[in-house]
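Okay, so chain A shows up in both of these, paired with chain B first and chain C after.
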Partner chain A sequence: MSPRVPGAGRPRRDTLTGYAFVGPSLIGVVGFLLVPVIVVIGISLFRWDLVSPARFLGLDNYRVILTDPAFGRSLLVTALFVLLVVPVEIALGLFLAVLLHRRLPGSVAFRVIFALPWISAPLALGVVWKWIFDPSDGALNALTGHRVEWLSSPALALPSVAAVSIWMHVGYVALFYLAGLAGIPEQYHEAARIDGASSRQALWRITLPLLRPTTFFVLTTNVITTVQTFDTVYAMTQGGPAGRTDVVASLIYKEAFTSFRMGRAASMSVVLFVLLVAVTLAQQQYFRQRITYEIG
Partner chain B sequence: MKKNFLTYVFLTVAAVLTLAPYLLSVQTSLKTPQQFAQQSPLAPPSPLSGHSYAELVVGEHTLVPPLVITLQVVIVIVIGELVCLALAAYAFARLRFPGRDLLFWVYLATLMVPFVAIMVPRFAMLSELGLRDTFWGIVLPAMFGSPYTVFLLREFFRAIPEDLLDAARLDGAGHLRALWHVVLPLSRPILSTLLIITAVTRWNDFLWPLIITSGERWRVLTAEPVQRQLDARHGRDHSGHPAAAGALRDLPEAHRPIHHHHRNEVRPS
Partner chain C sequence: MRKLLAALAVSVLALSACSVGGDDTGDADGQTTVTFRLWDDQVAKAYRTSFDAFTQQHPDIKVDVQLVPWADYWTKLPTDISAGTAADVYWTNTSNFGLYADNNQLLPIDDDPGWVRSVTALYTRNGKLWGVPQLWDSIALFYNKDLVSKAGVDPTNLTWDPTGAADTFLPAARKLTVPGKQYGFNAAYDSQAILWDFVGSNGGTWQNGDTFDFADQPKTEQAVQYVVDLINKEKVSPSAADTNTNGDKTLQLFTQGKLALFQSGPYNLKNIQDGATFDWGIAPLLKGPAGRVSVVHGVAAVASAKTKHKDATLQVLKWICLLYTGVTAAQPAFVDYWKKLGVDVQPFLDAATGTTFPAPVGPRVSAGGTAVTPILQQVFLGQVGVADGLRKAQDAANAAIKE
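Up next is the complex of A and B:
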């Protein structure tokens, strides 16, 4: 590419090939990720119902949603949902991974079973669970013999949906921890045994600290996906009763595609985006200080 | 070995809890509609009936068209995604061009863009392109791949020894041939993982097809069960859907059924 220094040991450049190779993928990243981020900010400044022409409002949508109890409640419901789901699925996933890591006969079969909910459609699982939770025709009440309104009681609806979400993701978390456990050199545990550490001590002092990178990955990705939960809620409660399970994805969907308030939905999207970036960066900051690859 | 015994106990309990909803669904699918309506949901099917499955194939609301559409969507997206992904990952891992690191930084930054936050503008953009309720409307946003998979594959490509590629180049192979004959065959494990992940994700996708399509023409498989449940409920009672009460409480009463029947069917001028 640079005729002035022919073959003078400079690294070869592949400018044309480089752009040609990145090109197709870049269309997707720019067209369907970057541009939408700019467009969503644009839409959030307008009043737009898809039918009549959009009207410029400035920051009015933000003023409206930030004082709208439905949006505030939705953020709260989402936060509560994440707090109910993520710690439990990480703890249970880690527990299952430790059990599977013992590699007793039959472990592979268990691994396949635990991966099932992860490869099934969340929407379909939500539909099945909704029927299991049904107060009169549901399997759960038939099993216990009590009539419990799992999904229409304000107190039980969110924990019920959260339980289903945990059920869906535990196996997935376990598979990641299993990979993390496989990456810990056996010598560390041997050394601990020789020094007289019990297996519980080895777990807390060696295994868990060395799993921090896995935990970081699982935590950040699970927070992001759990904040965006839609399918499960849509199938099970559609946000009810009285908004008790109206997570922010569900609210944005309804604002945009059943109430046709695109501007308001867009401004909610922007607020959600900013909050999610903040949470992700905070987690990154927290773990960057704590991830150690050596036993200290 | 008390410890092994306990391990099995815990694993078995977890496996039973995991499998129960599947077994229950299979068992119920083999019941006659009469038994389903009359007996406990836990009762074993008697007589065994293939009625439900026959309905799915030849019934009035057959699942065959949505199945065909979903297969087409998955195949087109997965092929597009894997091609774009392999090329981009190779470029980021193995080629030198100005702006490469800046571009890669952009890719990393877009990892943080949540789908829920950009579904409204994506819908607006694809509507502008006239792609609402079309096959390409469903497929286009996903078929160029995601930065996440590019990132994963790039890490893998970087670990391939430079010598192998140098040897290929000495033999006169261009980058495309080096990618096809050297890099990809060495990357089979990660490629099959990525293939499974993308295919499963697209097969299970619900929200985007729900937004961009309306009515039955392009209805995908995941939209079927919920549509049926809504249809069935709508005939009986509305009380199961206080859902709309929160966000839609300030709408006129007349608007509520939109959610069940005419989803997305408002057309712009």
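Up next is the complex of A and C:
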């Protein structure tokens, strides 16, 4: 590719034509992403309950939420939730993908089954799981024969919700890993076999390194979706017991729509946004140095 | 709060025989459409019928009844008001109307044609009445006739007493409990049907003005302790682990014949009528040291101050004013409707006209409720002590309503 000087005749017209082509899709990005983000940042500077007139507070909302123990605890709960969910999701997804990749009989059917929770409405799944976890009439306790108060116990509530979240997303992870596996040329494995590598060595030395681009993608998107988890928590625990499952998105919802503190909810969203961007950039930094498309 | 019973509304609306007096000041330029928003679809049907009659008398005014389901109602209403797209007339309940009244969003109602005090008092703020009461609900005791007669319990005059001396309720609840199979009573974190009624019937307080005032109040504390003990110590009620996350758990147990006494409101009449396969009856709610004290909660129609057709809106309000002429007038229709189905609903009417306990009020009362709920749920689970929990809940609630 030859470097182009900005402002040179033809390339510039090309650029304009290019922009004209992406224009329509830019409308969506600007209207549904950029403008709302700016509006949220704006709202975060006000005290506003939707009904009485908004009052400008400057950065006061940020001062309040950053010293609010509930918000701090909520960030902690969210971090813990991500740690419980994402590693298991990725490991399990990879494991399933490796199994499915072997084209055993019925693997197409399993592919569909694993992806089903991911394409279903999380709120509905949350409600169904709440029934399954019900201490008296729930299927889980009926099967084990023990009464466990899954969603009311401060120790078990978050792991229970995390398990449901893993179950929902593991099929999605597996699908991406399957695509990644399909993209690894068979010759590499053949060559390794000829050189006497065991299948375990082939997995660790060939498959996993070559799956790093997939891992990067799956990790980043899953961290983002897990941090934003709302529906599952809303349906199953509403943030209880004692705030043990009160992830940030759930707290933001309550601030905005049951307490009607729009400014504070907006400032929480902005903090969450900044944290997510930071985490994503850190991941990008880490993987940029380690992604291999060829065997080195 | 729960949505109210449709059949009650229908019977209230059936009183629409009365005609509208006063001046008819419709807009001159063709037909005006007044929008009317509510959350109950059965009542919506009744309103539509009634408004057809209204339009016959006022050919220049059409009423568009808009249904917004309960689940979205209280998030959609403030957003629509802020966007200027709310209805001209809309339903509100005690918990939520203060915000709109205090922010000049409502048109005041000037004349009060003798409505039930306990209901209109809920909609009076700063010396003015802001809503036209539409429905009310009070609390009584549903009982499973088979289970009480088998246990030899008379549910019609039960008294609870935290000192135990005059307590006829707890022995009855114990008799009605079969461990693992059947519960005596529906003690649960249910503010409207259980918590506030126990607090009220012990002479306790919950609010002082708009401020929450229930911590360090011996009578309130005693009442809450009694209810929590019913669950965790006496085990005559299902565990809070079952009821905290499923508000309909006790209703389900009752209709399945696994719960003998179910203290609740008329909003569950239809559910029980449809769900129960056994004989059931309604007794007065439990009597406490301070007497029989029921929470009374109402739904009112309010008119938006932002309406573009004030005259037509007031005509509509006037029409529904006349539909609602108070419990005394509504009584025969409501009683008759259920009598035809073999149900005596008199205990609800007695509860509404007897000593009552107001549901909490204030412009930010729902923020207060959101702050209180997780803490009191822990108290009901037995994870936090009553005195400690009430103190924490009150601090959280008062902090939440201040902002």
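The criterion applied here is as follows: the second predicted complex is superposed on the first by the 272 of 296 C-alpha atoms of A that agree within 3 Å, B and C clash if a C-alpha of one lies under 4 Å from a C-alpha of the other, contacts with A are read in each partner's own complex, and residues count from 1 in each chain.
Keep this in mind: a residue touches a chain if its C-beta (ideal position, glycine included) is under 8 Å from a C-beta of that chain, and two chains touch if they have at least 3 such contacts.
Keep in mind that this is a model prediction, so the values were computed, not measured.
*Asks:* Does chain B (first) or chain C (second) touch A:154, or do both, or does neither?
*Replies:* A:154: touches chain C, not chain B.
*Asks:* Scan A:51 for contacts with chain B and chain C and give back first, second, both or neither.
*Replies:* In the superposition, A:51 contacts both chain B and chain C.
*Asks:* Now for A:135: first (chain B), second (chain C), both, or neither, which partner does it touch?
*Replies:* So A:135 only meets chain C here.
*Asks:* If we overlay the two complexes on their shared chain A, which of chain B and chain C does A:204 touch? Say first, second, both or neither.
*Replies:* In the superposition, A:204 contacts neither chain B nor chain C.
*Asks:* With both complexes overlaid on chain A, does A:241 touch chain B (first), chain C (second), both or neither?
*Replies:* After superposition on chain A, A:241 lies in contact with both partners, chain B and chain C.
*Asks:* When the two structures are overlaid on chain A, which partner does A:254 contact: first (chain B), second (chain C), both, or neither?
*Replies:* Touch partners of A:254: chain B and chain C.
*Asks:* Taking the superposition as given, does A:286 touch the first partner, chain B, the second, chain C, both, or neither?
*Replies:* neither
*Asks:* Once chain A of both complexes is superposed, is A:224 in touch with chain B (first), chain C (second), both, or neither?
*Replies:* first
*Asks:* By residue count, which of the two partners contacts chain A more extensively, chain B or chain C?
*Replies:* After superposing on chain A, more of chain A is contacted by B.
*Asks:* Based on the A-chain superposition described above, do chain B and chain C contact any of the same residues on chain A, and if so which?
*Replies:* 50-51, 130, 152, 237-243, 254, 257-260
*Asks:* Touching chain A in the complex: which residues of chain C?
*Replies:* 74-75, 78-79, 81-82, 99-100, 102-103, 105, 238-242, 244-246, 364, 366-367, 369-371, 374-375, 377-378, 381, 383-384, 400, 403
*Asks:* What residues of chain A sit close enough to touch chain B in their complex?
*Replies:* Listed in rising order, the residues of chain A that touch chain B are 11-15, 17-19, 21-29, 31-37, 39-40, 42-43, 50-51, 70, 73-74, 95-96, 99-100, 102, 104, 106-107, 110, 113-114, 116-117, 119-125, 127-132, 137-139, 142-143, 152, 167, 170-171, 224, 227-228, 230-231, 234-235, 237-243, 246, 248-249, 251-260, 262, 265-266, 269-270, 272-273, 276-277, 280.
*Asks:* What residues on chain B touch chain A, complex-wise?
*Replies:* The contact residues of chain B facing chain A are 4, 7-8, 10-11, 14-15, 17-19, 21-22, 24-25, 40-42, 83-85, 87-88, 90-92, 95-98, 100, 103, 106-107, 110, 112-125, 127, 140-147, 150, 175, 200, 203-204, 206-207, 211, 221-223, 225-226, 229, 240-249, 251, 255, 258-259, 263-264, 266-269.
*Asks:* Spell out the part of chain A that touches chain C in their complex, as residue ranges.
*Replies:* My answer: residues 47, 49-52, 130, 134-136, 149, 151-154, 236-243, 254, 257-261, 264.
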